[in-house]
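I have a structure I would like to understand better, so I am pasting it below and will then ask my questions one at a time.
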Amino acid sequence: MLKIGIVGGTGYTGVELLRLLAEHPGTRVEVITSRSNAGTPVVDVFPNLRGKFDIKFSEPDVDSYQNCDLVFFATPNGVAMGQAKALLDKGIKLIDLAADFRIQDIETWEKWYGEAHACPSLVEQAVYGLPELNRDAIKTASLVANPGCYPTTVILALLPLLQNGLIEPSSIIADCKSGVSGAGRNANVATTYSELSESVKAYAVTGHRHLPEIRQILQSINNQAELVFVPHLMPMIRGLHATVYADANNTDTNIQQVFENFYRDEPFVDVMPAGSHPETRSVKGANHCRIAVHYLDTSKKYVVLAVIDNLVKGAAGQAIQNMNLMFGLNETTGLNAPGMMP
Amino acid sequence: MLKIGIVGGTGYTGVELLRLLAEHPGTRVEVITSRSNAGTPVVDVFPNLRGKFDIKFSEPDVDSYQNCDLVFFATPNGVAMGQAKALLDKGIKLIDLAADFRIQDIETWEKWYGEAHACPSLVEQAVYGLPELNRDAIKTASLVANPGCYPTTVILALLPLLQNGLIEPSSIIADCKSGVSGAGRNANVATTYSELSESVKAYAVTGHRHLPEIRQILQSINNQAELVFVPHLMPMIRGLHATVYADANNTDTNIQQVFENFYRDEPFVDVMPAGSHPETRSVKGANHCRIAVHYLDTSKKYVVLAVIDNLVKGAAGQAIQNMNLMFGLNETTGLNAPGMMP
Amino acid sequence: MLKIGIVGGTGYTGVELLRLLAEHPGTRVEVITSRSNAGTPVVDVFPNLRGKFDIKFSEPDVDSYQNCDLVFFATPNGVAMGQAKALLDKGIKLIDLAADFRIQDIETWEKWYGEAHACPSLVEQAVYGLPELNRDAIKTASLVANPGCYPTTVILALLPLLQNGLIEPSSIIADCKSGVSGAGRNANVATTYSELSESVKAYAVTGHRHLPEIRQILQSINNQAELVFVPHLMPMIRGLHATVYADANNTDTNIQQVFENFYRDEPFVDVMPAGSHPETRSVKGANHCRIAVHYLDTSKKYVVLAVIDNLVKGAAGQAIQNMNLMFGLNETTGLNAPGMMP
Amino acid sequence: MLKIGIVGGTGYTGVELLRLLAEHPGTRVEVITSRSNAGTPVVDVFPNLRGKFDIKFSEPDVDSYQNCDLVFFATPNGVAMGQAKALLDKGIKLIDLAADFRIQDIETWEKWYGEAHACPSLVEQAVYGLPELNRDAIKTASLVANPGCYPTTVILALLPLLQNGLIEPSSIIADCKSGVSGAGRNANVATTYSELSESVKAYAVTGHRHLPEIRQILQSINNQAELVFVPHLMPMIRGLHATVYADANNTDTNIQQVFENFYRDEPFVDVMPAGSHPETRSVKGANHCRIAVHYLDTSKKYVVLAVIDNLVKGAAGQAIQNMNLMFGLNETTGLNAPGMMP
C-alpha cells in the first residue's frame, strides 16, 4: 500500500487526485496540505468525497511527509522547486503537477515564469512524465515533471507525424480549446460564470507558458520543429480539444495506419476510425486521449483532432499513471473508468 | 459472473448502465438490443465506451435473452409490460427502468400513461425498487420496478419525516429541479441546446406522471399524505434537486438527529451537516443521495433539500443497486465511485 | 435631455444601465464613477459598449454629480445611504439599486444588513420603486429605492391574489431560481464557472435579505401575510423564476380572469394564457415580467409562475422605468426591446 | 413604411428578423409563412415577441406577398430558388438568408448542395450581401444573397490582408468556433442539450458548405487564395469566433494601422486595440464584428481574431443591413443596440 502525500490539496488537480485515488486499490493518502484550509476536513471543501476520506488538510510542512512513499505537488508554479530537494533527500519520490521541472533550459523557464529557478540542479534529473514518450525513464525516476494539459494533447497529436518524419516540422499550428477548470480554482472576476458562459475567446495569442514546453519536446524529436499555439477558453468545465495543422511532406502515406500502428499498444491513447471527430465529452472524467487524423488533399495538410479531460490525462490522471509506472504497478490501475456521456 | 441483457440500449439509461457495468466486477453484458441501431457496435454510438465493450446492438428478440440471468429494460414506458411474462417464465429476472410496474393501481396507471396495461397480473408481484424502503423484498424479487428519478429524491427526503409522524401529511410541497438528461435521448426541438440553455421553466404543473408514483408510496406510509409536485427544467445535463416543504407538527424535534439516525446504515444516503445546502454536482456520476434538513421556526415548516444524479441514483445506478440485492452481491459493488467535482 | 450620473459603474447593474441608456433617446450619461477603475474608458471594461460611450470612469466624488438631474447608485449595499443627503440637498434625484432605502423599519434593516443605518431620516421619504404598486408616488419622488430582483418577481406574482383577498395570507411559499449574475461581478471562488456550471443548489434557506423586503410589502397589503422564501442558484447568467404556492381561500374564482384584469394596463407585466409555463429566456434582456397562474384542485392551491431578467426588470430596467416616471417621460421609453430567443 | 414578408418564419433566423424588425422604425411585417405552424399566432411560438406582433403564420403562397416591398427567405437551402423569379417578376425585392444564390458557379453549388439548381439564370444577377465588400452593388440590387455566418467572419478577418497583398494567399487556415444556434431550430438528437453541453468537437473537417463560399470571395480578390477551414461546435447558443492564420509576406507592416484604416468608416466592423482578444459575448445580440490582429514574429504569421453573433451579423442583422441599403435607409437603422454583457 503506497503512502501518498499531496501538497496543495484545495485546487482542482488536488481534488481530482483524491477522486481518482479513492478508487485506486494500492494507495492510501496519508497527508494533504493546504495553508488556507489547515484543520478543515477534506470533505467539507469537496463534499463529493464524503465517505471516502476522513483526513483533514494540514499545514504544509516537509516533515509531515516523512512517512510517504510519494508526494504529489498540486500547487501553483514555483512551490515544488523549493521543497523537492528535501523530499528527495529523504528518499521520497515526487511528481510535480505544476511547471517547475518541465523545462530543461533554465533561462527559458525563468523568462516565461518570471522568477529565478530555486533548484536548477534537479531540473536535469527530472523526467518529463508523458508515458507515451518516456515510459522507461519514468519507471526509474524519482522526480517526475507532469506535463501541462495543452502539451499533453498537442504532443500526442504530433508524435506519429514527427517521429515518422511525415510533416514539414516548422509548419505546425495548434489551435486549442480548453474548459475553464484549466484556469484553476481561484477567486477571479475573469473566470466567474457570468463572464465566461455563452462566450468564447482566444487568450495569450502572442505567448502562453505551454508554448516553450511543447516546443522543447517537439524539438527533441526534430530540431527544426516550430509551432504557432493559440489557446481558447470554452464555456465548459472540463475538456481540451486540440486542432493541429501541419503540411504533409508527401502525399502517399496511409496516415490512418500510421497512427493506429504508432499507438497500438498504448492503453490510454485511442485512435478513432478514419473520418472521426472526437468530442471532449467522450473522455470526461477518463484518462484517455482520443485522436482522429484527417488529410486535406487540396492543401496537402494533416489536421489532427485530439481530445482529453484536462484534469485527468491533462493533470491528475496522468500523474497517477506516472505513479503506477514509478512503483511497478500496472500502468492502468485506478484509471479504467470510462468517460461520462452524457 | 452474472449474464446481463439490456433492452433498449441507445437511451441515456442504457449507456449509463453500460458505463457502470464496465466497472462492475461480477457481470458480463451478453446482449443489448436496439431496433434502430441493430448491427452497430455499441462504441460507435457511445465512444466513451471504446475499449470497454466489443458487443453490437442486436434486434430486440425475447429468445436472445435466454442465457441471461437478468434483463434490464431501459426502454420507453410500455415496452417491458409486453415482454416481462415471457422472460419471467424462462426464469430470467427483470428490472424495468421505465414505469410499467411502478403503480399498483391499474386504473391509475392507465389514466396517467394513456394506454391499457398489457400485463396487470404481474404488477402486484413487482417490487418497487427503492432499497431504502423495500430492501428485503427486493432481495427475493424476480421483477423490480425501478423508481422514477423525481420519486426517488422526494421519497428519500420525506421518509424520516413521514415514518416518524413529524409532519402534517397533507401539507407537502415538492418543488423539483431536473437536468435535461431526464427527458431522454430523443430528437425534439424542445430539448435542443438552443432552446434550453440559459433558461429555466416549470412544466406539467397540473400533473406529471411521477405525481401518482410519489403519492402511492407516501400514502403507503400515511394514508393522509398528499402533495403538490412541480418539476422544473434546468440548463444542465445531470442532477436533480428536490426542495421539499412540509408543516412540522411539533416544534421540539431534533430533526438533524432524526435524519442522521434514520439513514445511519444506508450506504447511498448521506445526511449532510446541519445548515448545509447540497449541490447536485456533489453527486455527479455517483449513486448517492445527499440530504440536508432545515427547520424554519417563523413558519414551523421543514425544508428538506435532496440531490441525486438523475441517471445514477435516479435510474441506472439504483437499478444496479437492485441487481446487487437480487443476486446476493454486496449492495455497493460497482457503485463506489465518488461524484465528479468540478 | 436628462443628465445622468452613475455611481459604481463596474458591476452588472452598472453596465446594464449603460446598455439600456445607450438606446434611451432622452438621456445623456455625464459621469460614471468607479474607485478601482478611475481613469479607464468605460468601453475598456465593457467592450460591448464600444462606439456607444466615450466617457471614462472617474473617482467617486459628490461634487462631480452637480450637473446631473439624476444619479443611479449601482453600488453595493451601504454606499448610497452615505451620499444621498448631499445629493438631494443639491436638488439631484436619486435611485438606489441596492438595499439602503428599501426597508422602512430601521431595526430590521440593521439586523439583516449587519451595520448601523447611516441615514434613517431619509428612509421614510424613500419610495419603493415598484411601479405596479407605487406608480403615483414614484412620479413625485426624489429618492427611489429600486426593489430587489426576488422581491420584484414574488410581489408581482402575489399582488392579484393578496389585493383581492384570494389566498390564506400566511400560507405563501416562494421557491425561487436565479441566474448567477444576481450575485454580482466579484472575484469569488464560489461563483466561478467551474463551481456553478452543471449544478443547482439552494442557499440561505434559513434567511435571505430579500425575505424582510418581500414580507414588508406583502404585509403592507395584508398584515397577516407571511412567507417561506428559498432562493436557488441556477447555471445560467440571467433570469429569475419564482414558483409561488399559496392556499386558495375559495374554489370558485376565475383566477385567469383575475390576473388578466389586474395587469391589463401594465406595460411590463404579461399574463400568459391559461396553462402556460413561462421560460426565463422569453424575457432575456427585456423589462417584462411574464406570469402564469395555475390552480390545483386536489390541494386547493394556486401556483404562480413568474419570470424576469434579474438585471432588467430586477434591476437596471426597472430603475429606468422609475426614472421615466420621475421625470414625466413615457414610462416605456428605452425599454421596448423584446427578449432575446434563442 | 416598408412592407415586409418573411418566408419560413419558425427558424432562428426568422425569429431574429422579427426581434430586430420589432425595433426598426421603417418597416411593417405584413406576412410571415410557415407550413407547419400556419394559423398559429407568431407569439405562441416565440413568447419573447408577445405584445410586439399580432400576426399569425400563414401558408406559404407566392400571392400572399404581393403587397410586400421585400421578402426575406429564412428558409432551408433550396427554397428561395424555386420562388425568386415569381417575386422578382412582381417587382418585389428579395433577400435570401440561405445559400441558393451565394455561389456563382452552378456546378460548384450543385456539388456541395446535392441537388440541381432550380434557377441558375438568377444567380448571376444576385449580389453577395456583404456590405463591407459590395455596398454599392447592394444598393441597387433586387436579389441579395445574404452571406453565411462563417464566411462573413472569415472574409471580414481577411479583407484588409488580402486586398493589401500582405499575406501569402495560399497559406490561410481558418479555425472557427460556432454556437449551436447556427445549426438551426430542428428536432435532432445531435443538437440536444445533453449531447452538446460540456463538450467541444470539430465537424466537417474534410469539407463544409461554407468552404466554397469563402473560397469564391477570397479568390475574387486574389485568385491564388486558398484556405483550410475547420468549423467547431461550442457549448453556447450564439456567437462565432474565427481564428485565422496566414503567412505574412513582409515583416515591416504596421498591421494594426492597416486594419484600423481599412475599417475606419465601417459602422459594424470594430477593430479592437492592439493586443486584444475579442469575446463573442461582446457582440451578443448586436450586428457588430469585432476584430483583433496579432503578428507572431517567430513564425512570421498573422493571427486574426474575429467575432460576430451568428444570428445577427451572421444572418438576420446583416439581412436588415442589406435591406436598409437596398431601400435607401440609413444603413444602421434598427441595428444600433449594443451587445448584451453579461
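Per-chain residue numbering starts at 1, and chain names A, B, C and D are given in the order in which the chains are listed.
Everything that follows uses one rule, which is that a contact is a pair of C-beta atoms (placed from the backbone, for glycine too) under 8 Å apart; a residue touches a chain by one contact, two chains touch by 3 or more.
None of these values were measured; they are calculated from a predicted model.
The pair with more inter-chain C-beta contacts, choosing from A-C and A-B, is A-B.
Against reference pair B-C, the listed pairs B-D, A-D or C-D yield one interface repeat, A-D (criterion: more than half of contact pairs the same by residue number).
Centre-to-centre separation of subunit A and subunit D, using mean CA positions: 39 Å.
Centre-to-centre, using mean CA coordinates, subunit A is 45 Å away from subunit C.
Centre to centre, using the average C-alpha position, subunit A and subunit B are separated by 36 Å. Residue numbers of subunit B whose C-beta contacts span two or more other chains: 12, 179, 181, 185, 194-195, 197-198, 235-238, 278-279, 281, 284, 342.
Within the complex formed with subunit D, the residues of subunit A that make contact are 170, 173, 175, 177, 179, 194-195, 197-203, 205-206, 226-228, 230, 232, 234-239, 241, 243, 245, 275, 277-281, 284, 294, 296, 298-299, 301, 303, 305, 307, 342.
Residues 12, 15, 19, 22-23, 46-52, 181, 185, 197-198, 237-238, 270, 272, 278-279, 281-286, 288, 290, 311, 336-342 of subunit B are the ones touching subunit A in the complex. Only residues 12, 179-181, 183, 185-189, 191-198, 235-237 of subunit D touch subunit B when the two sit together in their complex.
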